[in-house]
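In the two complexes below, chain A is the common chain; its partner is chain B in one and chain C in the other.
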Partner chain A sequence: MKKVLEITLGIVTSIGGFLEVGSLATSVQAGAAFGFQLIWAIVLGTICLIFLVEMSGRLAAVSKQTLAGAMRDRFGYPFFLIPLVAMSALGLLVLASELGGLSLALQLLTGISFPWWAPLGAFAAWLLLWKGTFGIIEKGASLLGLITLVFVYAAFRMHPAWSLVASGIRPSMPKHESMHYWFIAVSIMGASIAPYLLYFYSAGAVEDKWNETDVAVNRVSATLGMSFGGLLSIAVLIVAALVFVPRGIRIERFDQIALMLTPVMGRAGFVVFACALGIACFGAMLEIALSVAYMAAQGFGWKWSEDARPRDAARFSLVYTATLVGGCLIVVIGVDPLAITLLSMALTAALLPVAIVPFLILMNDAHFVGQHRNGWFSNTVVCAIVGLAFVLAVVSIPLELLGS
Partner chain B sequence: MLTRWRVSCAALMLSFVGCGGKSAAERVAEHERARVSWEQTARFVGAEWVARAIPDAFVARTLARAHEELQSEAEALRKDELSEQQRALLRDSLGAARALGDSLARAVGASDRRAAAQLVDNSPRANADSLLRRAALR
Partner chain C sequence: MDIAVVRDLLDKQLVDREGEALGRVDGIIMAYSADAPPRITHFELGAQTLARRLPRPFRGALSALARRLTPRGDDPYRIEVGRIVQLGRTIKIDIDGTRSAARKTELWIRDHVIAHIPGS
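Showing the complex of A and B:
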């Protein structure tokens, strides 16, 4: 009974925590520009994420080590600095895009311009990290994030042609704007396979004191939770396709996205959209700030724990504070939140090998995972998808930047 | 060795730039797409405001954004080396789109939902390049 409860809670929190500004923005852009044609990118990204999340939980449960700690032990400091610097820089960009999303949500609800909300949003996140515990942050934000299920409701209410939706699962070549098509595909994969999630997940598993008996629970909750989360992204894409394509609207600004639920739900749709965006972004901000702090503290061997008092883990607390301040500065100087979101997601895809290849080596090292080593199937799937995302990113990012 | 590397980099960049170069037809389609998108955004916002589904501040902000975007699109069109005939056609449709957005903004400013409803219903529909739309959904 306890296991069932754990699995259910794991699934529910995965669903609630799945959607954030990156997956939302990329799914909406894909739906508005290419209808259902890019569903395959969400499916591929989600499959890869299922494998990776399961692996990071397994690593923590078996080795009692976090991903960052294990990486430092296996490869040494000099090598560890590469993913640390890359992921921290990327984390800052992604955090800025999440804070931009939260600020825009507050702008939608209040009418007050979004840069004014960024310092307040960053302060609220910092306060929660400073005062809160890991359980509150992980489960609280994720449970509130269940509001994003409204997109599934809207998708069903709009009665899409399900055969057309299903046809989007099969990868296909673009019929127009091929450069933009591949850029969005890469951004979707970058948004789905977010490396910060792996650091957060493995640190959470250590914080929750997982052991080998949790491997099966981890497998079920990662698989089901991430699968349902992927369905949530697909629902967003479906709603965007049905709302924006018939009107000929291309998504260039967040203002346009805010209209996506009003055809189905009227005024309530506008408010619910803003709440869903705000909650999803706030939850993701907490996770990203913590992930950067976890990675630095675990990598350098500092004391770390979200449950510890800040004075007892001072350098850990300093890193998440600095990350929030840095993200806030990017938003305050007025960078377009949608542009920074899409770019950071595409860059995530380009940097995936830096984060994932060392992780795969760890997962095949008996010293860390004993008999729970990866099989050939999971190695092949993750390598293929990460390789595809990397190649597409390297080709499409310069083309998109040149095109724009 | 270094020279060869430089030549390779230059060739790669040239190939990117080559891929990035667009034909006149593609550029016309892009201008049209941008115009249709913002004209339809203005129309969508207007319709939702008439239905009282969105707050006044959001409508005003989005219509102002549509105005800015159409303005910058007009600027981009002015710089684009298209034929005068193509440019004139695009300029006219851009002008109509801006006029619709500005009229909607005035109606919203005056809280005149009847006028806004008329504008949304009666103004000629943006020829929302149906071919592209159908291609996207197919």
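Showing the complex of A and C:
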């Protein structure tokens, strides 16, 4: 009974925490520009994420090590700096996109265009990290995040031609704007596979003191939770395709997305959308700031725990504080939130090998995971999808930047 | 017990006798003299040690930065290997972490930055 409850909670938290501004913006872009054609990118990204999340939980349960700690342990300090620097820089960019999304949500809800929304949002996130515990942050943000299920409701209410939706699961070549097609495909995969999630997940598993008996529970909740999460992204894409394609609307600014639920739900749809966007972005901000702090603290061997008082884990607290300040500065400087979101998701895809290849080596090292090593199947799936995302990213990012 | 220096010692997490984090094994010191076989004497921790392990273009700049940021004489910090009480995923050392120089930076940040922010 306890196991069932544990699995259910794991699934619920993954669903509630799945959507963030990256997956939302990329799915909307894909739906508005290419109809159902890019659903395959969400499917591939989600399959890869399922394997990776399961692995990071298994690593923590079996070796009692976090992902960042194990990386320094296995590959040594100079190599560890490469993923640390890459993921921290990327974390700042993604954090800025989430903060941009949160500011937009607040602006939509209040009707006030206010340059101080971003610092206020960053301060609120910081306050929660400063005073809250890991349980509050993980479970609270995810439960509130269930509001994003409204996209599933909207997708069903709009009665899409399900046979067309199904045909999008099979990858196909673009009929028009082929460079943009591949760029969006890459951004979707980067948004789904989000490596910061892996550091967050493994730190959480160590903080919750998982052991080998949790391996099976972890497998079930990672698989189901991330699958349902992926369905949420697909629902967003479906709604965007049905709302924007017939009206010939091209998404060039974030606030255009805000109207996607109004055809189904009217004025309420606008409010629900703003709430869903705000909550999803806020939850992701907490996870990203914590992930950067976890990675630094675990890699350098400092004391870390979200449950400790800030003064008892001083450097750890300093890092998440600095990360939030940095992300906030990027927003305040005034970069275009939609552009930075798409770019940071594509860059994530390009940097995936840096984070994932060492991770795979760890998961095949009996010194760390003993008999719970990866099988050939999970190795092959992850390598293939990460390889594909990387190649597409390296080809499409320069062309997209030149084109725009 | 066979111990592989790089696999089992270097970069491992160090904890004090209470199990509190001290840092990681950033460097390993060996003593060598003509009349005795070389042996490992100390673990080294600190920004200077970390800077020295980087490739040349980064080494000088980071080492200078570390020298500027850390109190003179405390970095790098050495722990005698004789104080090891447990070797495993983490290495437990029989010292009082609260007084150890290994935690100087942590305590400095606590007292000069974190403690000034309300609610810490």
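By definition in this document, the second predicted complex is superposed on the first by the 402 of 404 C-alpha atoms of A that agree within 3 Å, B and C clash if a C-alpha of one lies under 4 Å from a C-alpha of the other, contacts with A are read in each partner's own complex, and residues count from 1 in each chain.
Everything that follows uses one rule, which is that a residue touches a chain if its C-beta (ideal position, glycine included) is under 8 Å from a C-beta of that chain, and two chains touch if they have at least 3 such contacts.
Not measured: the values here are computed from a predicted model.
Partners chain B and chain C, brought together by superposition on chain A, fit side by side with no clash. Shared-chain residue A:398: touches chain B; no touch with chain C.
With chain A used for the fit, chain A forms the apex of an angle whose arms reach the C-alpha centres of chain B and chain C; rounded to a multiple of 10, it measures 130°.
When the shared chain is aligned, chain B comes close enough to touch A:252, but chain C does not. Looking at the shared chain after the overlay, A:78 reaches chain C, while chain B stays out of its contact range. Of the two partner chains placed by superposition, only chain C is touched by A:318; chain B is not. Shared-chain residue A:302: touches chain C; no touch with chain B. Look at A:219: by the touch rule set out above, it reaches neither chain B nor chain C.
Residue contacts after overlaying the shared chain place A:131 against chain C, while chain B stays out of touching range. Note on the superposed arrangement: chain B and chain C approach each other to a least C-alpha distance of 20 Å.
Across the two superposed structures, the residue set of chain A contacted by chain B and also by chain C is empty. Against chain A, in their complex, chain B makes its touches with residues 16-17, 19-20, 33-34, 36-37, 40-41, 43-45, 48, 51-55, 57-58, 61-62, 65, 69, 126, 128-129, 132-133, 135-138.
By the touch criterion given at the top, residues 33-37, 108, 111, 164, 175-176, 179, 241, 245-250, 252-253, 255-256, 258-259, 262, 266-267, 269-270, 398-399, 402-403 of chain A touch chain B in their complex.
Residue ranges of chain C in contact with chain A, taken from their complex: 6-7, 10-14, 20-24, 26, 50, 53-55, 89, 105-107, 109-110, 113-115, 117, 119-120. Taken together, the chain A residues at the contact with chain C in this complex read 63-65, 69, 72-73, 76-78, 80-81, 130-131, 299-304, 309-311, 314-315, 317-318, 367.
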